[in-house]
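Think of it as A, B, C and D in the order they're written, each chain with its own count starting at 1.
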Amino acid sequence: MTVKHQVKAILREPDMHLENRARLLVKCPDQPGIVAVLSSFLFNYNANIIESSQYSSDPENGTFFIRIEFHCDNLQEKSTKMEEEFTYIANDYGMEAKFCYLTKRERTAIFVSKELHCLQELLWEWQNGDIETDIAVVISNHEDARAIVESFNIPFHYIPAHKEIRQQVEQQQIRLIEAYDVDLLILARYMQILTPEFVNHFKNRIINIHHSFLPAFIGANPYERAHTRGVKLIGATSHYVTNDLDEGPIIEQDVERVDHRDTVAHLKKIGRQIERRVLTKAVKWHLENRIIVEGNKTIVFH
Amino acid sequence: MTVKHQVKAILREPDMHLENRARLLVKCPDQPGIVAVLSSFLFNYNANIIESSQYSSDPENGTFFIRIEFHCDNLQEKSTKMEEEFTYIANDYGMEAKFCYLTKRERTAIFVSKELHCLQELLWEWQNGDIETDIAVVISNHEDARAIVESFNIPFHYIPAHKEIRQQVEQQQIRLIEAYDVDLLILARYMQILTPEFVNHFKNRIINIHHSFLPAFIGANPYERAHTRGVKLIGATSHYVTNDLDEGPIIEQDVERVDHRDTVAHLKKIGRQIERRVLTKAVKWHLENRIIVEGNKTIVFH
Amino acid sequence: MTVKHQVKAILREPDMHLENRARLLVKCPDQPGIVAVLSSFLFNYNANIIESSQYSSDPENGTFFIRIEFHCDNLQEKSTKMEEEFTYIANDYGMEAKFCYLTKRERTAIFVSKELHCLQELLWEWQNGDIETDIAVVISNHEDARAIVESFNIPFHYIPAHKEIRQQVEQQQIRLIEAYDVDLLILARYMQILTPEFVNHFKNRIINIHHSFLPAFIGANPYERAHTRGVKLIGATSHYVTNDLDEGPIIEQDVERVDHRDTVAHLKKIGRQIERRVLTKAVKWHLENRIIVEGNKTIVFH
Amino acid sequence: MTVKHQVKAILREPDMHLENRARLLVKCPDQPGIVAVLSSFLFNYNANIIESSQYSSDPENGTFFIRIEFHCDNLQEKSTKMEEEFTYIANDYGMEAKFCYLTKRERTAIFVSKELHCLQELLWEWQNGDIETDIAVVISNHEDARAIVESFNIPFHYIPAHKEIRQQVEQQQIRLIEAYDVDLLILARYMQILTPEFVNHFKNRIINIHHSFLPAFIGANPYERAHTRGVKLIGATSHYVTNDLDEGPIIEQDVERVDHRDTVAHLKKIGRQIERRVLTKAVKWHLENRIIVEGNKTIVFH
């Protein structure tokens, strides 16, 4: 049996134990009684709260956020009525709310260029069953990733890209994204700038990995600049993409220690380890509905 | 103005903004509806939930734990009625519950021997207003700590101790602890074994710092043994004291990197930094009612 | 082009720039003048010291260790004479010494069972050119790793193993190790006990990864036991294998934070990340001749 | 006995075992033979090398740096001749060199404003004998530190400062620094800008702690800006002061994890712990002659 077939067998079946699980995400003006109303609503459906995390920006006149994961027998039959009935509560309390069902996995497209370490880590963790997604397609402006991607039986599309043809390229990409019915875009070291139109099209749905500890070293060549500055730690940052370069809401960051002996090549090597784990964490949390974007910041319910 | 007077002025006044704040800790068999009943109860008193953390050991037939911090106008007038009324809910759901009021700070006794770094860190953080307690008394089997303790205007009691007179010593200590109305005992590198009677007297109320990454190097001379074993990280562990030496419920642990060049003296020096921060965190969390002991483990709601 | 061919093309050619590079490792009784005699010796060959690290167990009557990496034009022609001449110095100073040439890469055999994450990380880093070795063979008591190993064009041998047939199995393994001319054995989560004969045969040449922070949780099921004990950090340890189970010289250790919510399955998942990086570091350092084993401890020259 | 007297007794005597210890720091163009010539020179004085660390910016045409710590009997009698003789070698190889004797401790002045945590950590570590210096004087633009400083029997000078009188203030400060014969200035959260004249006067002799992970958040209010940006780690950086604000050679940096719940006040509290340890490490390394400034970067020999 080849690697391909193993992967296929292990990964493509959604976990049937999850059919009665869902997550409710709510954002609303803070006031007494919100938890009472939400938990009573769920109790009326005989749902059991598995995990609940909340945050209030300010107890007085702040905004309240909550993520509740619950189990509910026969959820698939009840869900339509549940969501309908919930609209009344949502109206009363000025809530933005979303129900996420664990059997309805988000579909992702991974964008990559020539550096493959972030892609490989994602594929690996996905293969282990540790990322809740269907990887629908990988898109690249180079051919380097084709072999590894196709060995996982995932469609690979090569779309050459450069500054002059940016708009045509993005139109091709959008057609693919739509054809593959993609929810989330992951820029796994995709080294092309995106146009504002493209970014606006996928608001809070594009996750990038930047190879520095933002806001230090925004833009090109962060390792070279880190080396020139003589920093003693280097880092990586995953964030949602906005139209301010490297200024989008930060999801996760991490660092490693370096010293005067480390050349730029060493920094890149060390950095690859940080990039791998930081991007993978951010993607997992997004897919587990743990992230709420508020202004230019994220609330991450671990 | 001397250090003493500064300290006195800064620290002894409870924060009046906290008079309407409390925490409710609950443990009970898990079942649907618990959060609904608790949050509705609080809503009936017009209390606003500031922070809420919960944990279920197992969604099916597990034990449910929750810590709710809330604000409630005129809490001091309402609290008696609130607690009375809560007993009905507690009975219905088989709850163990506790209301903790932020104006009623726990009183602590610090036990110390000749190594003063943990004591100093605690005094310092307390002086900064970062530990919610009244330090009622420091008790030591040596005189080394007297000057620093008295400079903070805290009573210091010297009670010489050795194996042969352990019981008399502990009786003296218990008399002091009762006289000072102490809730929590902190062993800040107190190098005497306690008798089972003493430990049982203060169940889950004695926090110790052990100078190793438990369960490695239980017992005496952990740094010497870490050096002999050639470990590449050394650690410290804070835990509640039970009658199994260094086997009580772990609250917090941390480590630092060491290498072959580090002598035992270096390990002790590095270890002091770890011990300071690990013990201080454990003490803070205990006093903020963030810790629930369950079996021989802790649930810590950060 | 398939993944296989890429790998082959990228990896199998030794770096020609390294033909004039070597490392000299020396251990001897400490006394004044050792560095002078070694550096003068190298200077007489017009060698340039690239990197030098030393350690003395004790300035008085201690043992002195040094690792010198140097560049020397026409090293391959000079090396025989160099080594011969060095024997005089070695005799005078009571030195154990070893010259390691960067063009003569050590050959490794990786042993693995059903858990493949450590194997995969090693293959990956090796494919990136970040591990100085030729992976000669992978040996397993299960078939799980075959597809991935063969996709790298590396020979894979399946040798079923259990307690009763341990000696026959090991004889088969030794024949393979000799046939493939292997220098270093890497136990990348190989879940079989080795006999004393086997271990003695490869003294300081077997590197294991143990899935705990040694000396905590020696032996079987460390994650289960870590969960039961309620530790707040879990770890992994790479060490040379000796005939005391999990008691061999420690090369590297690392930890990650966990909390009360983490089940055994979570600990294993988190642990896999630690195991991957800890084993890979240890293997790299061994192959870069950075490790000297002294008694039951290691000196690691980073 | 008061704290004051204890401190005096414990700390002011230099360690007599150190009278035969020195450090030699050398910088020169790289070429074969440098280590040979230096180690032979020391061996001729029968000196024993205790610790040696070197770095070459590039094996070809680079710059070579070395720090050698050695023991030499009767060093005090030999040192003049040693240094004289060394000038011949220094000339031959184009070396900048410095001999540092462990009995001649550098004298420090600590500058502080209202935040006392860095000062306290320095005093504490110094009291433990862990910082090789004589703290000659503490200078502040506020009275807040007086009590704690004087309790250590260290002279405290209050010099009010603001923008308009900067030059007069600095002249007063320079007079004090000269009167106290100070070698190193430590800005332990001293919140005043220094003039170029002042900075040039003490080149590579002023160590600052900046409360961010540089080059992120240069300038004022870094914690506020970190909060606004929504970073997931906050840091602190110690560096030598130059006339580019927060752009001087970085000595040490560290970070701690934060999350969306942390207010600016929390960030400051967490940051204080980072600042304490980062500044203390930088100061220790400077005083142990472990730092060489090269261009705008530091080489730190750990």
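Following the convention adopted for this analysis, contacts are C-beta pairs under 8 Å (C-beta built on N, C-alpha and C of every residue); 3 or more make two chains touch, one makes a residue touch a chain.
Note that the coordinates shown come from a computational prediction; the quantities given were computed from them, not determined experimentally.
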Which of C-D and A-D has more C-beta pairs touching across its chains: A-D
Distance between chain centroids, defined by C-alpha means - chain C, chain D (Å): 38
Mean-CA-position distance for chain D and chain A (Å): 43
Numbers and ranges of chain A residues touching at least 2 other chains: none
Chain-level touch network, classified as line, ring, star, complete or other: complete
Sites on chain A touched by chain C in the complex: 1-3, 6, 117, 120, 124, 128, 130, 147-148, 151, 269, 273, 277
In the complex with chain B, residue positions of chain A that touch it: 30-33, 35-36, 39-40, 42-43, 46-54, 56, 59, 71
Residues on chain B engaged by chain C in the complex (per definition of touch): 55, 213-217, 229-233, 235, 249-255, 259-261, 296-300, 302
